[in-house]
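Pasting a structure below so you can have a look.
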Amino acid sequence: MKCALTSGEDRHTGGRMPFTFRIKNECFRMVLAEMLSTYVMMTFGLGTVAQVVTGEGLFGGYLSINLGFALGVAMGVHIAGKVSGAHMNAAVSFTMCLFGRLAWRMFPVYVAAQMLGSFMAAGTVFSLYYDALVHYCGGNFTVSGPRATAGIFATYPAPYLSIPAGFLDQVVGTAMLLLCLMALSDQRNQPAQSGAEPIAVGLLVLLIGVSMGSNSGYAINPSRDLPPRIFTALAGWGPEVFRAGHSWWWVPLLAPLIGGVMGAAVYKLFIELHHPPLPRLYMAPPADTELEKTGTAEVCVTQA
Amino acid sequence: MKCALTSGEDRHTGGRMPFTFRIKNECFRMVLAEMLSTYVMMTFGLGTVAQVVTGEGLFGGYLSINLGFALGVAMGVHIAGKVSGAHMNAAVSFTMCLFGRLAWRMFPVYVAAQMLGSFMAAGTVFSLYYDALVHYCGGNFTVSGPRATAGIFATYPAPYLSIPAGFLDQVVGTAMLLLCLMALSDQRNQPAQSGAEPIAVGLLVLLIGVSMGSNSGYAINPSRDLPPRIFTALAGWGPEVFRAGHSWWWVPLLAPLIGGVMGAAVYKLFIELHHPPLPRLYMAPPADTELEKTGTAEVCVTQA
Amino acid sequence: MKCALTSGEDRHTGGRMPFTFRIKNECFRMVLAEMLSTYVMMTFGLGTVAQVVTGEGLFGGYLSINLGFALGVAMGVHIAGKVSGAHMNAAVSFTMCLFGRLAWRMFPVYVAAQMLGSFMAAGTVFSLYYDALVHYCGGNFTVSGPRATAGIFATYPAPYLSIPAGFLDQVVGTAMLLLCLMALSDQRNQPAQSGAEPIAVGLLVLLIGVSMGSNSGYAINPSRDLPPRIFTALAGWGPEVFRAGHSWWWVPLLAPLIGGVMGAAVYKLFIELHHPPLPRLYMAPPADTELEKTGTAEVCVTQA
Amino acid sequence: MKCALTSGEDRHTGGRMPFTFRIKNECFRMVLAEMLSTYVMMTFGLGTVAQVVTGEGLFGGYLSINLGFALGVAMGVHIAGKVSGAHMNAAVSFTMCLFGRLAWRMFPVYVAAQMLGSFMAAGTVFSLYYDALVHYCGGNFTVSGPRATAGIFATYPAPYLSIPAGFLDQVVGTAMLLLCLMALSDQRNQPAQSGAEPIAVGLLVLLIGVSMGSNSGYAINPSRDLPPRIFTALAGWGPEVFRAGHSWWWVPLLAPLIGGVMGAAVYKLFIELHHPPLPRLYMAPPADTELEKTGTAEVCVTQA
């Protein structure tokens, strides 16, 4: 992103603007982008589940849900990719912070924005499919049973799944996500085609959906799972949404953070660490200023 | 194509041509392109519905319909993208006019061209599947009932859907369409890959189909819905096509106009407005001539 | 294609080679490429139909067949695209000849190569699925009935389809194919992304499959239909393959030739004819030599 | 790949490094990449089969499996493409060696790495789906019968398939794979779009899955089939996994080696051999040093 605040001028201040203001402004637009992209991703994703469940087989099946989240993620990346990095996932933000690609002080801000967007998406899908929901379950919103609808919003484990196995499921799923995201963005290997990153990330999410979804609905993302769960708790499903599946709710919050870091570390250990040294000419200058660590890597360039 | 004109020569006039004529000529090719692209999109889209309905499960299902409209839109963009912008949708044209990307006086012309192409597509699909239609419903063209076929051409709401909920459904669907279209074309963010815009737009339509289609068939486009409805009224289904679904017909005409503007506005408010200022060097010159507002941005270049 | 026979040298002759020999050599590699690409496309396409039919619902459905032919065509374009143009379809070759993009004397050669490749593909699929075929139908190869298998190789119309309606079906299907192919290759409009042409053509074939396949199996290609039909006549299905469907066999031979020309003409009339004139600087030199008309447009460059 | 060991400096040794060490180091990272990419591809692929089998129709069908392996291969290419070439298939490595694109002494190393990655993937999927497996088959791991689960890990022929027909099936499948891979990488023809090679290879694997999978599960890869088979023999299915299908296990080991070479040879004979001679300027220098044959073609550049 070449945005290039040339020689102190700024559209907002009409001239030289205070240093701290610039950072706050930068931060503000990243938060807005993170919120909107998560909102769009979740509205499409949850909308697909709502359509498949209430459509009773006539409006798509499990593959539609995979497509809904996959393309939803792709659209989210289109919406925020070059502004906030379009994490839309607290586990991604956490891993990026741990590996120095995002400042830690941005972590709570990012997660809050994602959570807010995700909560609003749950509300949108609830409104959009309210008539269909009532028609499907007779107005009786339940977490389990033949006409259960809580699974439209948050994930629940299969009946056979123990909590440790579910924890492993979420660790492995998120590890595969981050491992492949590292590969897709490694410019010294075979990254996603320039400009087609949104589609590549979407296909990755599709892949995880077709291969690791049946155990517990592939949340692999705290920001995807908790806010819609809170929404359903408030909107008529009640506190059962936190008790169901042996109190499943905390697993998609914690496990993805661990899995994400593990997956990214595996890529670094097996691949990135062994890249041959770059010739001096192309070596990146040392990031020795505090400012450089403020935002994402892309944003840093604009503040140099 | 070897047509070749520099400063003042013209194939049609054999020399210098009047200024107004050039605009009319430009307008004419845009209308033709808009008509043909809408025709192709609708022929593929409606053809898929006809195939799925009359094929009784043997020739594709709901996902095929999503693919039919998605790839139909993609082919439409290939056909008219750099000529008319390939709106193929009155709600897109309306939003483009409102945000200054298309001259208002082009709006009725665009819509008329789209409507004409859409009507002709309904006729083509009717001819193509006439034998199949008669075989499927015994020659008794009905709007409702077990062998209803009106839904091949126009959209009808699910039985459970109230008119206000349906209105919301069309507003939200079109808002998501325009919000993402804005992102896909925002060159300062993460736009669709250069040259792959048709596929990106097609995937967006696929996404809306898998996530927001079961309530009322995701018309999200007046030009997609009204002309085939009129065609069926004339071709044997009768005035019932306007009465069905509590007189549903006006909802996909009006709601998309509102939703489209809302979606585009949300993108502008959350993302575009916060792009950092461009350096002076890259700032676009002010569009201060009347001529510049005649057509789409692409077309302007040819008139400079 | 930069093949660049520089200064009279040639790998095959070790020096200056006779003019006629060079043309023959060029012709030979185009024929080989056309044969191999058609073979690969047909082996994948027919293989998918064989798998779906003999798999009895366990190994894919109608959408798999659409994918099989779509991606088969894409692979065919990868195999012969820059050598012969990868027509793989007599209707495409016919249209290209009529619009001056291929020399008429290449037409019979191209068609013969396509037919040969298609026939060999039928043989390969027959061998590959022989055990499955015998298992499925008990060794009784029939054209109709509950365990009919002739439809694996050639197309047959639905029982309800009259010959005139089937003729229209093939005309429209091929017209849409060529109309969109013209758009995909029009460099002055919104063509297929450079380098992604094979995928774009594949998606077009997928689209025709989901929208225009149920009437008569979307042959839209004489080279796809006749050779496998002849193969089945010889391999055990007998002359019934030519009598079935009111002697359907000649329709996918003749109708695509007419439809292809119509579709390409519609694109030219509605879009290409109205492109604004090019500036003088980019005008192509007049094609005044006989040699230039020998092969496809790409090949001409190598002989200049 | 621009890795560029300029003028004897090295990150690992801090200066001039012995010649043999450099080769060993190069070899080591290729092995790691080959292992990780095969691991990722197989974890996604086998995971999809496990999900479809244990999901009993609710979590995807045969097309999901095709997508799982296709996108799994694509991610594998993203992970190792520019390091080891991302063969992930002993038949590909064998063919590359035979045609001089990989040194023979790398062959056992590559195959061992692939086998190890594949074995670890089987273990991962077994852990991930252990609860689901036990739930599905009641803890009774069998190779055949209504609740057989061995097919999740290794391939088994359809009951009707004779060994010779199965051998042909694997030869043809792998031949088509290599034939198309040759086309996708032939820069003088119509190769995969630059940067989109992973997707192109994935689509090829999808295509083989939809067209040549029902006979014996399209192993077309010794590294995909043997290690998971050994894993199941150890993990509870017992030696029956080697006896099943008339001792099928050796067919996907041997036949792909033959088929791969045949397919690549066909491409060379029909297409590559007939490319017009390059002009002198662009002719590649003769590969006359031993060093040049050490690794893959890409790696050679770094050692020049």
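The first chain written gets the first letter, and so on, giving A, B, C and D; residue counts start at 1 in each chain.
Here is the rule we go by: a contact is a pair of C-beta atoms (placed from the backbone, for glycine too) under 8 Å apart; a residue touches a chain by one contact, two chains touch by 3 or more.
By chain, with names taken from UniProt: A, B, C, D = Aquaporin-7.
Since this is a predicted model, take the numbers as computed values, not measurements.
For the touching copies subunit A and subunit B, the fraction of interface residue numbers used by both falls below half; the interface is of the different-residue type.
Subunit A and subunit D carry the same sequence, and matching their CA atoms takes a turn of 90 degrees, rounded to a multiple of 5.
Computed centre separation for the pair subunit B/subunit C is 30 angstrom, with centres defined by C-alpha atoms. For the pair subunit A and subunit C, the distance between C-alpha centroids works out to 43 Å. Residue positions 63, 193-194, 196 of subunit D each touch two or more of the other chains.
Chain contacts here close into one cycle, and each chain has exactly two touching partners. Chain pairs that touch, as defined above: A-B, A-D, B-C, C-D.
Across the complex, subunit B meets subunit A through its residues 62-63, 66, 158, 160-162, 165, 168-169, 172, 176, 179-180, 183-184, 188-194, 196, 200, 203-204, 206-208, 210-215, 266-267, 270-271, 274-280. Within the complex, the subunit A residues that touch subunit B are 1, 3-6, 9-11, 25, 28-29, 32-33, 35-36, 40, 43-45, 47-48, 51, 54-55, 58-60, 63-64, 67-68, 71-72, 74-75, 77-83, 86, 124, 127-132, 134-135, 193-199, 302.
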